[in-house]
Every structure is written in C-alpha cells, then in structure tokens.
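For reference, the structure discussed in these notes is given below.
Chain lettering (A, B, C, D and E) follows the sequence in which the chains are written, and residue indices restart at 1 in each chain.
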Amino acid sequence: MDDLFVRITTRMILPFIQIYGLYVIIHGHLSPGGAFSGGSIFAASIVLYTLAYGLKPGQKRLPHHISSKIETGGILFFILIGLIGVALGYTFLTNQEAGFPMGEIGRVLSAGLIPVVTFALGLKVMSTVVTLFHTMMEEE
Amino acid sequence: MNLNIDLIVNNINYIGAMILFVIGLYTVLTHPNLIKKVIGLNIMETAIFLFFVSIGYVQGAVAPIVNPETGEQMFVNPLPSAMILTGIVVAISITAFALSLIVKIHAAYGTIELDEIMKIRSVELDD
Amino acid sequence: MQILNVFLVIFLIVAAIMVERTKDLLSAVIIFTSYSLMMALLWLLLRAPDVAMTEAAIGAGITTNLFVVVISRTRRTEK
Amino acid sequence: MISYHFPVFILMLLLGFAVVIPLHRKPFGKSFVVKMFSVLGLAFILAFAELLVVIYGEAYSYTFGSYQGGIGIEFLVDEFSALMTLVVITLSILILAYSVKDLEHEIASSKMYSYYTLVFLMLFSIIGMIFTNDIFNLYVFVEALSITSVAIIAIKNKKDTLMASMKYLLMGAIGSVTVLMGFALIYMVTGHLNMSLIFAEINEVWEQYPINILLAMGFILTGFGIKAAIFPLHNWLPDAHSSAPTPSSALLSGLVVKAYVFSIAKMMYRVIGQEITINIGISDYILVFAVLSMVMGSLFALSQTDIKRRLAYSSVAQIGYIFLGLGLGTELGLSAALFHVISHAFMKSALFLSAGSIIYYTGNRNVRKMDGIGYKMPITMAVFTIGVLGMIGIPGTSGFMSKWYLGLAVLDGGHPELLIVILLSSFLNALYYLPVVVSAFLRETPLEMHRSSLPQSMKISMAVVGLGSVVIGFYPSMIMNIIEAAVSTFIGI
Amino acid sequence: MRKIFTFIMLGGLLVVLLSSISELPPMGNGDNPSFNEISEYYIDEGVEDTHAPNLITAIITDYRAFDTLGEATVLFTGIAAVVSLIGITHHSKNKEDEEDDLHG
C-alpha cells in the first residue's frame, strides 16, 4: 500500500492510539479497561503501521527476538510475583497480606501488585497480538 | 403454548444468546468452507458471553466501578464480566490457531472447501 | 432501554443469519465485525464496560484483521 | 510447611520451563535434553513427595491469595489427583525419552523447540485440570489443553495431518464452547464457581430449577464427551491419533483423553453429586453410550489395516470401559473406572510406542505385513505383546485387574447383563489384536528394513512402560488402596 | 440432505432451549441465585481488600489471578502453536531496510 495519504494519516494518529493504549493499561484498576483491552489497543497501532508501511518496516518496530522475550518475560514475571507470596509464608499470588504497598484508593500507584501485573500483561498481550499478525502476514 | 410477550421481552438476552448459539453451531456443522466454520465458532462463543453478561445484569444497577463520592449504590455482578474477559482472550487464541491451520491447508491442498479437499484426498488414496 | 435491548438482539440475530448466508467471505467478515461492535454496544448497555471495551478491541479489531489477512492469502468467495 | 505448596511448584516449574524454551538460540542438542530431563526429574520428585504427603497426611485444599475457596481459586489435592499427577509425569518422562530420537525423523529439526514448548504447556494444563476445584479455572485449562493437543499433531506438517488436526480443532472447540455453556447454566442457578460450594448448594437448586441442571449436565457431558471421544462423538479421534507423530499419539491417547475423563468424573461426582446424577438418569444414558463405545469401537478397529488406526479405534472402546464404571454410579464403579484410567494410560502408551518403533524400523504400517517381525525386533514385540495381553485381559496384566474390578462393580451395581458386554468386548479385542502378535512370531521371513537400527533410548523407555503395566498387574492393591481412599472423599464431600 | 438433517436436529435443540426459558431465573432480577454471598463479598469488600475501585480488575488480577495466569498461558500457547505451524522467518538486516527504518 503506497498511499501517501494513508501514511501521513497513520503517522498523525499513531501516537494518540499508543498513548490511549498506555492510558487504558495504566488506569486498568481505576477505570474500565485493563491489560487485555489496553494491550490490544496498543497492538492495533503497530498493526495499523504495518498495514500502511508494509511488513518489513512493521517488523522492525517489534522484531521477533524482542517480542519472544517480552512474552516469556511477562509470564515469568507473573510467576515470580506469585512466588513472592510463597516466599513470605503465604500462598501463591497473595496481594495485600504479603505486604505489597497498597497506597491510597483511587491513585495510579496503588493496589499492590495489580498495576504491576497489569502492565506486564499489557506488554505481553501487545507483543503477542502483533506477532500473531506479523506471522500470519508472512509469506513462506 | 401461549406466547407471553412480557416473558420474551424480559428474557430477550437469554433467547438471543440461545438463538445465536444455534446459528453458530449450524454454521460450523454445515458449511464446507473452513473460514466460515471459524466465524461460526466465534458466533457461538460471543453468544455464550452474552449469556454470561446477562446473568450478571441487574436492573437499575451501575457498572462495578466503585466511586467513593457517590456513596451506596447497586452494582451488577462483577464475576461474570471477569470471566468473559478471560473467555474473549481464549477465543482469539483459538481463532488465530485455526486461521494459521487454514493458511497451511490452503498451501497444501490449494483450496479451503472441505468437500473439495475430500475429493482430492480420495483421488490420492486411489493412486 | 428495554426497547433498545430488544432491537440490538434482533440486529445481532439478523447479522448472524447474514453471516451464515453470505457467499463472499470478505463481506461475511465485515458483517461479523459489525456484529461484534453491536455486541460490544449491548454489553455496554448491560453495564459491563470492561468487557465491551475488550470485545471492541479484540473481537472487532484484531479478529477482523486476522480474518482479512487469511482471506487475502486464500480464496475470497465460498463455493 | 513447604510441602503445602507442592502442586503450585510442579505447575510453575513446568510453565516456567515451557516459556523459557523458545529463547534457546543454540541448535537442538544434548545440553537441552539434559536440561529438560532434569526439570522433569525435579517435577517427578515433587510429585512423588506430594503423593507421600497426601497418603501419610490427608487431602487438603490449597487456596490462592489468602482468600477462602469460592472467593478465590482453590485446588483440591486428594490422593487420586496426586497419584494421577505422578502417573502423568512418569509417563511423560518415558514418552519424551522415546521422542528425542524418534522425532528427528518425524518433524523438521527447526521445530524441535516448539514441540517441547507445546508438550510442557500440555503437561501444565493436564496437571492443572487434575488439581483444580473451580469450574471456570477448569475451562481455562481445558482450552489450553485443546490448543496444545492439536498443535502437537499439526506440527508434523503433512497433508493428512493438517486435515486431521483441523477436524480435531473444530470438534474440540465446539466441545469446549459447549462445556462453557453448561458452566454458565450452573453458575446461573448456584452463583458459585467452586465445585465443593456448588455441591453444597445443588440439592436445594435441584428442586427449584431442575431444567437448568438437566440442560447444564447435557451440555457438559456432550462437550467433554466430544473431547474424550465417546462413541457417536469419536470421529475425530482415529485421524488425529493415527496421523500424529508417535510420541504425540502416546501422549494424546495415554494422558490427554484421561484428563477429560477425569474431568467428567469430577463433574458427575464432585459437582452434581452421586444422588442427582442417578435421579436425573444421566447414569443410564452414560451406560448406553459406554456399551455402544465398547462394541462399536472394537468393531471399527477390526476393519482397520493401519496399525495406528487400529490402536486409535481401540482407544474408543477402552474409553467405553471407563465410562461404564462411571455410569454405574457406585463407589466400586468409580474406583474401577479410575483404576482403568491409570492402567489404560500405561497399556496404550506401550502399544503406541511399540507400534511407532515398528513403523520407525520397518517403515510399514500395515498389520497384514508384519510376519516375522518378532524375530527382528524382540523387545518391541515383547512390549507390544504385553500391551495386547493387557487389552484382552489375560491374568497378570493391569488390563485383567481393571476388568476384574469392573466386573465386580457391574455385579455390585445390579447390572449383571453388562458382564456379557465386557466379555464380548474382550473377545473382539482378542480378535483384532492377537493376529498381529501371532503373525509376528509365526515364521521367520526376510524383511526389508527401513532403517539400520532402533536407538537404545527408544527401546529402554518402551520397555519401562511395558514393565510398568506388568507391575500394576501384579500389585494392583498398591494403586487400588490409594484410589479407594480418594473415592470415599470424592463421593462424600 | 445432511444440511436438512442438521437443520432439524438443531431446530429441535433450539425448541428445547427456548421452552426452558420460563424455567430459568428471570433476567435482571436482583434476587436471582447468582447474586449470593460471593458477589456481595466482591462488592462490599473488594475495594478494602485490593484498593482497586474497578472491581472487575480486582477480580481478574487479585481474587482470581491464577485464572489470569492461565489465560496468559493460553495466549502464549496460541502464539507458540501458530509459530510451530507457520514458523518464523528472520529478516537479515541490510542497508535498504535500515533506511526504511529511519523514515518509519
């Protein structure tokens, strides 16, 4: 797709989509949204970029070797967070009792492990969706 | 069987979910086209999600996001919503895998119609 | 409120039947996208904004993308 | 008490290793194999310790995140789930030991890492399904299992494999969607997702909303029935299990189907409860389908010439045995069914692995062309014979013991006519298995060999699986005691 | 022929399902059995327990966080399965691509 108009429009709205996606992820515990919707909104921006500029530049934005690390890292991070609870003598994935800083209700940095996990998962979802799309686009 | 219009209107979401479920199942079972089958599967899944959301709904309640300023309120049941969030992500994984299988099948057989594939296979078996 | 609900459900059923009937796969996918969006709207009406948002982003957005990519790599019409 | 966390450690070990595998950059080789088996060995030790803890202690529930069951997610660690976990890990160690050499010839070498990733994810979801006491959590694991179990077939990337896996994926997806519908109906009337809490509530609900429970059980049994391949819903199984790579066939027949059967047992006895199951009449329907599976599966198997297809159809018949035990609705029936779950896992794995070795060595899949194979491959045919004798139910094998227990349960449950079906099915088993064995040892004929030798690792792992089957046959009480302890808690919760 | 058979079968299923509607708990009623102590607990104690006003997020990342781990695993499984089937092609970096990168 070598349409100049599409490319310019894409460049213009791309940052807005990404900021919105990040907002949805970060404010997941305060307002509607969360890791999965935010992550896929963020992924949509890169998908849009790929559609406008072609597969190769799109893959440059998120190469396979980075995305595979993000996916592995997301789950490993989740497991480690969960094991903190075990290490402190509680059960797997304990939040408040394990002493995560809970903060003040209604602030972004509150609710212990929730925003941390949401952020990691959001990144993971983003990378998974983009990789799915790129893998499907590839010609053998 | 007397049609009770109140019953239908009040439970319209359950009825809709069941009809959609059956339409999706019909699409999966009868269409020879594999992409159509996958779409049918998605229809079935969304139908069940609609069913779940309707279970959690309460008339006159608000979304389960607590706002300390407005005080006591009635909330819809948050548990079904949380389950569907999981369900939607599961659905996309299945869809993506099915679509990649379809791409591979198209590369191998040159078609994605089930009956044509069966024909090709029976010819191959005869050889 | 309830009228809108009934109307949306009827729309969903009609869309689902149209998806089943349409021979052109690309049109079927587009109708399915509108089906997903209407479903998201209905869930918003049923006070499940999180689910509606996720469905709009994943169900309507990403799923459609994947379908369109696969259709462009295979055949467009159903026999 | 660190032992309290063992189920989570096993799961996280498998999951953590699975997600790390794709990061390996070096070509597939010895160092990875060593790593993989040390992880599996650690999992085995944990599972064994877990079993000891549960046997010498008592069954307990593990709740996540300091919330009581019902609000959070709960694992129920009882004797049988600990035993089943141990069996799953033991068999997978043996099958994976077999797979290292075998897969080199079945899938592309660039896909080896992907294959093991998928296998570890599969083990994770099977063990999760075994432990979980929460129906929605069960659904999540079921979906993970249905993707991985299709993927380890499709990875072979042959024409017929692709079609078989597409069929399996679609049927499996319909199955899991149907199961979810059933769960939705159960949640609708009970408001709980925790199995024990649903069970506590269900008697009251049953009086108020009988239709709901009936529909829910219909959906759930149909859904899991598709995945467990009971007779009218089995048509994906022969294609999928026979065209898969050999280790995948063994894993699918030995473990995956069993995980679904165990889920059905949980739904019937732990969620709905024995009483309502009998009241609704579910047990009668299950008995009918079980009998149909036993007879029709064997009849279909009789007409197959491809050895792996014959084994796959025989799986349908064997699933029928398990359902027969479940459908009786008695404690004896349940324990016979659970015993057969374990004994069939060993026997079918032994059969698939030895059949795979025959195909590996001779390149021949046709059962009519196996004259004299026994002289060329004595170990393989010995293992195959053990499996066959077990399937027929010759005394001294695990298969005989499970038929013995099943027979006792049938008599105890007041259905003596079903004894005839068991005997008939055994007779049919003999009819389609014995000729293979007999012709293999009948005369020594010069055979054309596809490859020069069978790798040691394949021989050893196969022999150990066969040996395991014999050991269960000679010491059935070892397993039966554990099952009986579990069954009483299972039914009485 | 098969289509008609399926149509009749599914029509029968639909009739069974629809005729059971009046036996199900009615929609939108606050007295339904699904609004029991569990959902009340989430609504009453959710903010206190997790400090997250959005109760749905509170459930998926705290109360039922293990489900979410399973869900992330399913997503991982999906991508692993797709990659195992289609495979990844690594693009070698050459000059032309890097130029493209600067523009993009």
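FYI, a contact is a pair of C-beta atoms (placed from the backbone, for glycine too) under 8 Å apart; a residue touches a chain by one contact, two chains touch by 3 or more.
For reference, the UniProt names are A, E = Multicomponent Na+:H+ antiporter subunit B; B = Multisubunit sodium/proton antiporter, MrpC subunit; D = Multisubunit sodium/proton antiporter, MrpD subunit.
What you see is a predicted model; the values in this text were computed from it and never measured.
K.L.:
Which chain has its C-alpha centre farthest away from the C-alpha centre of chain B?
P.N.:
D
K.L.:
Which chain lies the greatest distance away from chain C when centres are computed from Cα atoms alone?
P.N.:
The most remote chain is D.
K.L.:
Counting only Cα atoms for the centres, state how far chain A is from chain D in Å.
P.N.:
36
K.L.:
When the C-alpha atoms of chain B and chain D are each averaged to a single point, how far apart are the two points in Å?
P.N.:
28
K.L.:
Could you put a whole-Å number on the gap between the CA centroids of chain A and chain B?
P.N.:
Taking the average C-alpha coordinate of chain A and of chain B, the gap between them is 25 Å.
K.L.:
What whole-number Å value describes the gap between the mean CA coordinates of chain A and chain E?
P.N.:
Between these chains, centre-to-centre, one finds 17 Å.
K.L.:
Provide the list of chain B residues touching at least two other chains, using ranges where the numbers run on.
P.N.:
Residues 10, 12-13, 15, 19, 21, 25-26, 54-57, 61, 63-65, 68, 79-81, 85-86, 88-90, 92-94, 96-97, 99-104 of chain B each touch two or more of the other chains.
K.L.:
Quick one: which residues in chain A touch 2 or more of the other chains?
P.N.:
30-32, 34, 36, 71, 75, 79, 82, 92-93, 95-96, 105-106, 125, 132, 135-136, 140
K.L.:
Of all the residues in chain C, which ones touch at least 2 other chains?
P.N.:
49-51, 54, 58, 62, 66, 70, 73
K.L.:
Please list each pair of chains that are touching.
P.N.:
A-B, A-C, A-D, A-E, B-C, B-D, B-E, C-E, D-E
K.L.:
Which positions of chain B touch chain C when the two form their complex?
P.N.:
Checking each residue of chain B against chain C gives 9-10, 12-13, 15-16, 19-20, 23-24, 26-27, 31-33, 35-36, 38-40, 42-43, 46, 49-50, 53-54, 56-57, 61-65, 76, 80-81, 84-85, 88-89, 91-92, 95-96, 99, 102-103, 106, 111-113, 115-116.
K.L.:
Hey, which residues of chain D end up touching chain A in the complex?
P.N.:
It is residues 5, 8, 12, 15-16, 19-20, 22-23, 62-66 of chain D that touch chain A.
K.L.:
State the interface residues of chain C toward chain A in the complex, per the touch definition above.
P.N.:
Residues 49-50, 52-54, 56-58, 61-62, 65-66, 69-70, 73 of chain C touch chain A in their complex.
K.L.:
Quick one: which bits of chain B touch chain A in the complex? Just the residue numbers, please.
P.N.:
Residues in contact with chain A: 63, 65, 68, 85, 88-89, 96, 99-100, 103, 107.
K.L.:
Provide the residue numbers of chain D that touch chain E in the complex, in ascending order.
P.N.:
My answer: residues 15, 19, 22, 64-65, 67, 70-73, 110-111, 114-115, 117-118, 121, 124-125, 128, 136-137, 140-141, 143-144, 147-148, 150-151, 154-155, 157, 187-192, 205, 208-212, 215.
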